[in-house]
Amino acid sequence: MEIIKREKAGDAGDFRIRQLQARDMLRGDLEGDDLERYVQERVITTTLDRAANWARGNSLFPATFGLACCAIEMMSVVGARLDIARFGFEAFRASPRQADLLILSGRVSIKMAPIVRRIYDQMLDPKYAIAMGACSSSMGVFNNYAIVPADKFLPVDVHVPGCPPRPEALMHGILKLRSMVHSDPAMGWRERYGAERTVEVLPDEGDALLQQEAAAAANAVNVPGAGDTDGA
Amino acid sequence: MPDAPGTELLAQELREAHPDAVLGTEFFREKGAIRVAPEAIGEVLEILRAKGFKHLMSVHGVDYYPEEPRLGVQYELLDRDALDRLTVKLRVPVDAPSVPSVTAQWPTADHQEREVFDMFGVVFDGHPDLRRILMPEDYEGHPQRRDFPLGGEPVLFTHDESQGKDYTMGTDRPNA
Amino acid sequence: MTEVTDYRATEDRVDVSQRVQTLPSPAPDQELLTLNMGPHHPATHGVLRLLVTLEAEIVRDLKPIIGYVHTGIEKTAEDKSYWKAIPVVERMDYLAYYFNAMAFCGATETLLDVEVPKRAQYLRVIHMELNRIMSHLVWLGTSMLDLGAVSVWWYCFRERETILDLFEQSSGQRMHTRYFQVGGVMEDVPVGWDVKLRQFLKKMPWAVDQYLDLLNRNEIALRRLRNTCPLDEQTLLDLGVTGPLLRAAGNPWDLRKAMPYSSYEDFDFKIPVGTRGDNYDRFAVRMQEMKESVKIIEQALDGLPEGPYITEDRKVALPPRHELATSMEALIHHFKLVTEGFRVPPGEVYYPIEGPRGEYGMFIRSDGSSKPARVHMRDPSFVNLQATLPMVKDAYIADLITTLAMMDPVLGGVDR
Amino acid sequence: MLRTYLPAIVFLGLGGLVGALFVTAGSFLGPKPKTPTTYQADPYESGMPSEVHQGFRFGISFYLIAMLFILFDIEVVFLYPIAVQLRSFGTFALVETVVFIGLLVVAFVYVWRRGALEWR
């Protein structure tokens, strides 16, 4: 699955400017329309977004996606000792249509990767993905021909280290995700990764699309930043 | 466990039934093993079943890489009454890796022979459904052969990154 | 199964003899539907894909398709030295990690011809039996989820947490503990460990009775378990099935009794055996096995001998740390073991042990170097999965789900 | 006239409103993906591409069980209003209900004896 970025959302320079602005605002020497624009841009404007985030963050429905050993530790997260129901996440949904959090617990083999990608696609927006355990974050203990790290085919939000991670570690990862959902207004993963205006295509479709763009870009007047292919 | 003379006796009886079937016997750590010719495996297992080894516990492949003939298949037999175990081994070269399948007489060998085919490329003639069982159907190569690279990606240390090496596709090629 | 009543007698029976067609839709007159009970399914206990041909609720044909969590563990183990391969091998059947490690260490010790001290054998037996109870608890919890008895799951995981605390206290990690070392065990058990273990042993039989109270008079569970999908002993033996599935059909074959290893002959325990070989027998056999395991642990704990917890042979076992400061040989042995590892004489060995799901047989071929030349695990679930179709043919989908739960396949071991 | 039916109308209105709310709330509260992902619209068959075609004919047993269910369910629905006002209707309603149920029991016994309740 290739993601083709049309133009970079904001490169390093832009980010640096925003950092300086934030520091000035904190020091209080930012005023006039600069302050106005800063507040408008940084502070979440609508309260409806805030309420939706709060509700969404507190009731993520994980999809039961047990692959291997981490699935057993994921099950014990719902157990009595470390009860995830206290935070509203215990409704494990089997079908991706009703789940908005994919906990990828276990090792993803090359035969399983397209199926994980298909299930992630069939989940409804806004959706989040946690790569639990060393095998799905990196290739973990088995750096060999059969394993694919989750980052190669899935935009992952939280990586939980450990092999298998303790249930408390997974709980910490989920709570970290919850705070991310609360604070970050951007919902879909495209906004989170600055991948707006990208489109997902199957590998063979991608080349045709690229030629079209090259042709369109050739006769367009101002060529936006060179779109680069970044493996997703 | 069939002690050394026991294995020899078994081999002797097999030689009477099939003159060229038995290639040799081994006795290692109180456990007997008989090397047989690949095409005679069906009859040898039947004779051993008659002698009491009624259960085939495991069929697995081995790659004796430097030595020829290179691919080996081993059959673990178990006699539940005399509490005895015996191994039957055969060796096939890489270019003609065909072994008669024993799935008809021993149904337990079905998936295990498919795994040996998937991992080593040993073709079992007469197997009802010889397809890959563990790897994807359209995978080229047999992963567990000794000359198949282990694969995986070299760890991306910061030193490598500073050298401008791009490992995303698993090979060390300069940043495309 | 339900006999055909007169209302249906006139209808011609559908005979499915040809191969399962995957793509084209079935002939119009036959109402066959081929579906994927696929890799991502709550009832398949892992990533097992069943290509099921249904005739309106009745399973006509079924093909297990596996390989979705194939991790190439055997190839990875060939790339590591013997004592480094233990953590990799432990992750094969992730519910029976002590049994994987025991099979690997047993095979290596047979190759090395190393004698494991009595205390280490007893400690290994205790940890393996605790692991068997934990594996049966996870099986009971998840399979009762499939039958709808959801609350049993929380009871089972309560006991599982206690067992994992014991593992953590003795080896430092909850799962995949790498506690077994070639030649013995990594560390001796800490001081307060046996007191905690005795408390657990006192509570466990009461807990098993609690599960049985929950289930033995639960009419729904009983109707779904009793005489559904039985399979006779001879077919099971032909298919090479071992473990609780075979014992449920009446054949008392258990390697701990038949071919004892690691001093299992010192303990007396009974082997629970079923009569009809249906799902209820498979359930009852495992419940009794938990009680028998408690008995084994009690006897092993009472008879725990003093002495070294790992072999004295410095060529195989690391010397204790304090010795490094004083003696030069210990330093040399330590350095040799830590860098290259011990060399194993060339040879091939097949070391079978009795795990929670059947016979775990570790085959190791060594070519004289410090890395195994071939590692293969004969996984019981891999072989038992072949018995799915004979069990489930012409049964309802609900019985297919129950049978799959009672077979307790662990896909990590199946796909290796 | 309206007064007597007012509660029923209010009940219907509220029911419809809540139902509609649930259906449409998702569309304006949740974010809309600008470009739907490739497999979003595919039928979910536990992760595999599904090869089941639309025009699939169901077995006869499904239809039979559905018919029998509707038959006996409607019977229960009729009993509710009678049960609420049985005392004010007097013994005549009681007799009528018993006859009604008797008829359906006869049908039930017939269906049971013929074995239509067993599956296949």
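Letters are used for the chains, namely A, B, C and D, taken in the order the chains are written, and counting of residues starts over at 1 for each.
We adopt the following convention: contacts are C-beta pairs under 8 Å (C-beta built on N, C-alpha and C of every residue); 3 or more make two chains touch, one makes a residue touch a chain.
The structure presented is a predicted model; accordingly, all values stated were derived computationally and were not measured.
Asker: Between B-C and A-D, which chain pair is linked by the larger number of C-beta contacts?
Answerer: Answer by contact count: B-C.
Asker: I'd like the Å distance between the centres of chain B and chain C, where a centre is the mean of that chain's Cα atoms.
Answerer: Spacing between the chain centres: roughly 23 Å.
Asker: Provide the C-alpha centroid distance between chain A and chain D, rounded to the nearest whole angstrom.
Answerer: Distance between chain centres: 40 Å.
Asker: Suppose each chain is reduced to the average of its Cα coordinates; what separation in Å results between chain A and chain C?
Answerer: 36
Asker: Rounded to a whole Å, what is the gap between the Cα centroids of chain A and chain B?
Answerer: Going by mean C-alpha positions, chain A sits 44 Å from chain B.
Asker: Please set out, as single numbers or ranges, the residues of chain D touching at least two other chains.
Answerer: Within chain D, residues 47-48 contact more than one other chain.
Asker: Note the residues in chain A that touch 2 or more other chains, in rising order.
Answerer: As it turns out, chain A has residues touching two or more other chains at 111, 115, 119, 142-147.
Asker: Return the residues of chain C touching two or more other chains; collapse runs of consecutive numbers into ranges.
Answerer: Those would be 38-41, 67, 70, 72, 75-76, 415.
Asker: Which two-chain combinations touch?
Answerer: Every pair of chains in contact is listed here: A-B, A-C, A-D, B-C, C-D.
Asker: Contact residues on chain A for chain B in the complex?
Answerer: These residues of chain A touch chain B: 110-111, 139, 142-147, 231.
Asker: Within the complex, which stretch of chain B touches chain A?
Answerer: 135-136, 139, 143, 148-153, 155, 168-169
Asker: Please output the residues of chain C touching chain A within their complex, sorted ascending.
Answerer: Spelled out, the residues of chain C in touch with chain A are 38-42, 46-47, 67-73, 75-76, 87-88, 91, 94-95, 138, 141-142, 154, 157-158, 160-161, 164, 174-176, 411-412, 415.
Asker: Which chain A residues qualify as touching chain D in the complex?
Answerer: 1, 48, 52, 95-97, 115-119, 121-122, 124-126, 187-188, 190, 196-202
Asker: Where on chain C is chain B touching in the complex?
Answerer: 66-67, 70, 72, 74-76, 79, 110-111, 113, 237-242, 253, 258-259, 347-350, 352, 359, 361, 363, 365, 374, 376, 378, 382-383, 385-386, 415-416
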